[in-house]
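Heads up, there are several structures right after this.
In the two complexes below, chain A is the common chain; its partner is chain B in one and chain C in the other.
Moving on to the complex of A and B:
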C-alpha cells in the first residue's frame, strides 16, 4: 500500500509544524480517535475506533517521530495493533514547504503493510480505506487550523 | 463471535426504536457482508436488528413508468421476476450476475445499497436509472445518495424501504467481474430515456458515480465510437490487488462501449 498527496494550508509553516506535534490537534484530526497520549517528545500512543463500511474495530496505534527537521519535515512510524483484527505497519514522510502569502504546502507519502484478518478480508479495500483516512486527516487538520476554510473544498478528495 | 442481542421486529417503527435504544446496533438484512465481518471479529455490534420480519419491505411492482422494488427483496427474486424481466430486463440481468447463488438467495437490494460497497452492482443501476430511494422518513434521489467509500446519505438508524427505478426506453449493464467474488471490478449501466442517456459506473472509485461526458456523448450520438475520446469521470480510481487504477480507467470505457454496442445492435 503506497500513496501520496499534498494539501495547501492557509497558515504559516511554524503553526502547521506545531500542530503536527501537538497530541490534542492530532487526536482531533484522526477520525475515530478515542485517546491520544504523549509518551515522550517523539512518541505517542493512541486508541482509534476505525469505521470503514461493516468494519468497526478498535486499534492501538503507536506513533514514533524520526528524522525530525523542524519546521520542515519528519518521518512518522506507525504501528497498528487490533486485538483480533490484525496489524499494520507504516511509514509516513511529511514535508512542509513555505508557499505564497504565508501559506504552507504539506506533502506526504505513506507506505505500509497490513497483516492478519484485516488483510484477508479487507485486501481489496485497504488502499481506498487508507486514502480516505489520510484525506480525512488532512482535511480535518486544514479545518482545525483555518476554521474559515471552505468546508466544501476540504471535503473533496485531492 | 462475541455475544450480541438478536431482535426480529415486525414493524418498521419497532426496528427504528430498537436501533435508537441500543448501544452499538446494526441492522441485519441479507447478512452477507455483516456476518462474515462479525465472524472475523472486525465488527462486534451489541444488537443485531433483523429486518426479515418486515414483510412491508418485500415486493415488486410496476406502475406508470416506474419499477418499485421493496428493500428486503432478494437478488434472486429480482432476477427471477417476470415483471422485472419485461419492464427492465437489464436490472434482472444485473441481479442474476451478483455474487453466487448463496449471495443472491440471501442478499437484498436495500442491504446492498445501505452498505454501498464500492464494487457492488446495484449502485450503477440506481444512478443510471435515476432511482429514488425511499426510507422510513424520506425520499432520497439517486444523485444525492452515494457520498464516498461505504458512505451514503442515510442516517445511522435510517432504513431503506423501497427503491423506485425509472423505466428507460432501453438499458444494458456490462461488468468485468472478479472471477472469484464476481464483484464488479468495473460495471457500467447505460440507460437511454428517449434520447437522454444516463451512465452509472461502479467498481471504479470509492463509490458509484455517473459518467457525465459519456452521457453527453451518447445523448448526441448513440454509438460506441462516440465514447472513444469522451472524458472519464473525475474520481480517484481504485487500485487493489485485483486491478490497478490504470486498468480500471481502461475498463470503464470498454464496459460502457460494450453496453452501448449491445443496445445499438438491437
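Moving on to the complex of A and C:
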C-alpha cells in the first residue's frame, strides 16, 4: 500500500508543526481515536477504532517520530495491532513548506503493509480505507487550525 | 437382475433425498450434551518467532474455559503430524521432513497456522476470549515464491535449505541425447497455478471423551476416517485405536482436501479430555482459505523433441513444486509419484526424464486436490504437444494421432514406470472430434470474427492413473500405508443385505452405486441393500476415498466379499438340496440344482437358524474381503475446448466443451456424468478464474470470494460428455474410476484453445480478462 498527497493549511508552519506533535490535536484529528498518550518526545500510543471493509476492530497504534527536522519534516513510524483482525506497519514522511500568505503546504507519502485478516479480506479495500483515513485526518486538522473555521464555530455555537 | 437398478442403470441417488431436504447429518449438525466451542488462534504472520502468550484477559471472559498453546500440546507429549509418503531424493537420501507440530510451538510458518485453541461455553465467548489473547511475535523474513524458494535461506531450523527433496524418474542421459539429436525441440515454461479447494462444507470436528471408559470419539469431515484414527493413534499418540472412534458422517465435498489429518481435529480431540467436555470446531470460510491444504503450484520448464516425421523422441521436465510450510499427509507424493509417472501421456515417447524439486515456503501446505499431480502432468504434456504442433506446422490432432499408443500396443510399458493395461485413445479422440464438429471449426471461427471475437480450439488427450496400487510396490516406493480396500457383505437373517465399505462417500453417491453393485451381484432387490461407511466403530478398516479409487478398489472388495457369500451359500444350499456344491449354480439371486431352487434369502435364514445345516460349516452369512489391486487403472480420454475471446475486454468465454472419457464399465451413467461435469467445472475454474495468491510478505491476498473467483453456472457451457469403453483388465468390475478426469484433462484443453485464439503460447493460468487484454494490447 502506497499513497501520497498534499494539503494547504491556512496557518503558519510553526503552528502546524506544533499541532503535529500535540497528542491532544492528533487525538482530535484521527477518526475513531479513543485515546492518545505521549510516551516520550518522539513516541505516542493510541487506541483507534476503525473499519476496513468487513473487518472492524480496535487497533493498538504505536507512533514513533524519527528524522525530526523542526519545523520542516519528520518521518512517522506506525505500527498497528488488531489482534484477530491482523496488523499493519507503515512509514509516513511528512514535510511542511511555507506557502503564500502565511499558509503551509503539507506533503505526505505513506508506504505500508497489512497482515492477517486485514490482508486476507481487506486487501483490495485497504487503499481506499487508508485514503479516507488520511483525508479525514487532514480535513480535521484543517478545521482544528483554521482561524476562519474557529470563528464560524464560535458564531454558530450549535 | 432388474436392469432398472443393476449395473449400468442410471439409478437416482438415494442419498440425495436427505441432502436436498435438509436432512443430511453433517458434522456441524451434530450436537452432544455438555458441548463447548473451540476457536483457533492463527498466525497473522507468514513467518515469526512466537514470544510470550498471555491468556489472562481471555480467561476472564464469561464462559471461557481454557486456552491451550503449542507449549501445552508439546509438554503433554502430543506427536507431530506425519507425512505419509517418504520420498527419496535422486542421491538416495530421505526427504528432509520438517517437524509439523499440531500447534506451532516456537515459530509460525504460514499465515493462518494455528498456535492456540480457545475453548468456551459458546462460540461468541470463544471468539471474544480469542480476541483477548495477547501473543508476541517477532517477525522474520518469509520465503514465498515457488521458483526462488530453493535458493532462499531455510525457513526451518535444522534444515540446510528449503529443498525437501530433489527427485527424478526416467533416464536422463538417454533423454538429453535424444533431445540433442532431435529434428525439432519445443521448449515451454509453464506455471500450474495454486488452487484453494473450497468444498461446500468447511472442515469441522466434534470430539468427545468419556472418562468412565477412557474412550474418545471424533466426528469430523474426513475422506478416510480409518487413516485419521491410525495417524491420531500411532503418530500423534492421542489414544490407541481401540479407544478412539472416528466417524465421518455426511461430508459435503472434499476434492482431496479432507484426506489429510489436520491440526484442528487433532487438537480438539486432545483438548476434549483436558477440559472434560465435548468440543466442537467448525471452520469459517476465511479459515478454510488459510488453513485447508492448497493444490497444484508448480513451475516447470519442459522440452519435447521430435524427429523429422513428427514423432516424439524425448520429453524432459524440470519442475519446482511448492509444498508449503510443512509436508501435508500426502504432499510429498503428489508432485513425484502422482506426477512424473504420468508424463508419457497417451504417447509412445521413448525417452522421458523428470526432475522435481519439492520446496518449502511460508505458505499453507500443498497436497492432493482433485487430480493430484495428474492435472499438472497433463498440463505439461498436452500444452507442449499443442505448442509443438503449432511450431512445426502440423495439425494438433494429427500430431497426437501419429504418436498415440495403438490399441494393439497394450499392455504398454512407459519409460516412467507404469504399465498401461488397456485403452483405445483413438476411439475417444474420434468420437470427441465428431461431437465437437472439428470440421466446422473454421466456419465458426470466421463467424466469431465478424462479431469482434477471436475463436480458438484446444485439445487435451489425457491419461490418468487411479486406484494407486499395488500395496507392496507403493510401500517400496515410500508409501506409509497399504492401498487396498476392505469390504464386508452381511446378509441379514431375513435376507436383506448390509454392506460395509472402507471407502467414504462425500458427494460421490456410493450409497447408490455400491448398492447397485451388490444387488446386481447377489441378485437381491436394490432397496434391500444398505451401504454403511465412514465409521471406524462399524467398518473394520478402510483407506478411504481419494484418487478415483472407490469403485475400482472398494467396489472390487465388495465383489470379493459377495463371491465368498455365494461360495458359502452354495455349500449351505447343496446341503439343503442334498447334493454336492459342484452341482449347484448361483443365478439371479438363487441357488439352483436341477429343478431345485433356493433363494439367497432362504439360504440366509437357514444359516442363522441352522436346523438343516452342514455340520462342518459355521452359522451366519457375513463375509469380509480385502482387495489389493495388481495395477493402477488408467482412465483416459479426449477433451476439446472451444473459446471465444472478446478483443475489446479480454474476456474468455468457454463456448463449447466436449469430453469423451474411457472409464471402463460404468455402473451408474448418471453419476458418472455428474462427476465429469463437476470435474470440468473445476478445470475451467483453474484455467480461467481461480488463483491462490500470496503477496511478497506471505499474506494471502485471495482469501475470500471477493478475490478468489470460483466458477459459476454462467462461466461454463452445457458440457457435451460421452464415453468409450475398454474394460480394465485386472479388476472384477472392469472399472477405472471417473472422479478426477474432468479436472485432469480440461485445463490444458482450455488453455490450448485460448492460446490458439490469441496466437501466442505465453498465457498463464488463470487466463483472466486482464491478462488476455494485456496480451491483445501488446502490453
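Here is the rule we use: the second predicted complex is superposed on the first by the 142 of 158 C-alpha atoms of A that agree within 3 Å, B and C clash if a C-alpha of one lies under 4 Å from a C-alpha of the other, contacts with A are read in each partner's own complex, and residues count from 1 in each chain.
Quick note on the criterion: a contact is a pair of C-beta atoms (placed from the backbone, for glycine too) under 8 Å apart; a residue touches a chain by one contact, two chains touch by 3 or more.
Computed from a predicted structure; not experimentally measured.
Visitor: Quick check for you: in the superposed arrangement, does A:43 touch first (chain B), second (chain C), both or neither?
Guide: Once the two structures are laid over each other on A, A:43 reaches no partner at all.
Visitor: Residues of chain A touched: more by chain B or chain C?
Guide: Touched residues of chain A are more numerous for B.
Visitor: For A:56, is the partner it touches chain B (first), chain C (second), both, or none of the two (neither)?
Guide: first
Visitor: Figure out whether A:69 sits in contact with chain B (first) or chain C (second), or with both, or with neither.
Guide: After superposing on A, A:69 lies clear of both chain B and chain C.
Visitor: Touching A:18, do we find chain B (first), chain C (second), both, or neither?
Guide: Neither: A:18 stays clear of chain B and chain C.
Visitor: Answer with first, second, both or neither: which of chain B and chain C does A:113 touch in the superposed model?
Guide: Touch partner of A:113: chain C, not chain B.
Visitor: I'd like to know which partner A:123 touches here: chain B for first, chain C for second, both or neither.
Guide: A:123: touches chain B and chain C.
Visitor: Considering only touches as defined above, state whether A:84 meets chain B (first), chain C (second), both or neither.
Guide: A:84 sits against chain B and chain C alike.
Visitor: Share the list of chain A residues that count as touching for chain B in one structure and for chain C in the other.
Guide: Residues common to the chain A contacts of chain C and of chain B are 83-84, 117, 120-121, 123-124, listed in rising order.
Visitor: Help me check something: in the complex, which residues belonging to chain B touch chain A?
Guide: Residues of chain B touching chain A: 24, 33-34, 36-37, 40-45, 115-119, 148-150, 183, 206, 236, 238-242.
Visitor: Which of the residues in chain A end up touching chain B in this complex?
Guide: Per the touch definition, chain A meets chain B at residues 52-57, 83-85, 117-118, 120-129, 131-132, 157.
Visitor: Over in the complex, which chain C residues touch chain A? Could you list them?
Guide: So the residues of chain C in touch with chain A come to 44-46, 111, 127, 130-134, 286, 289-290, 695, 697, 699-701, 703-704, 706-707.
Visitor: Please name which positions on chain A make contact with chain C in the complex.
Guide: It is residues 83-84, 86-87, 113-117, 119-121, 123-124 of chain A that touch chain C.
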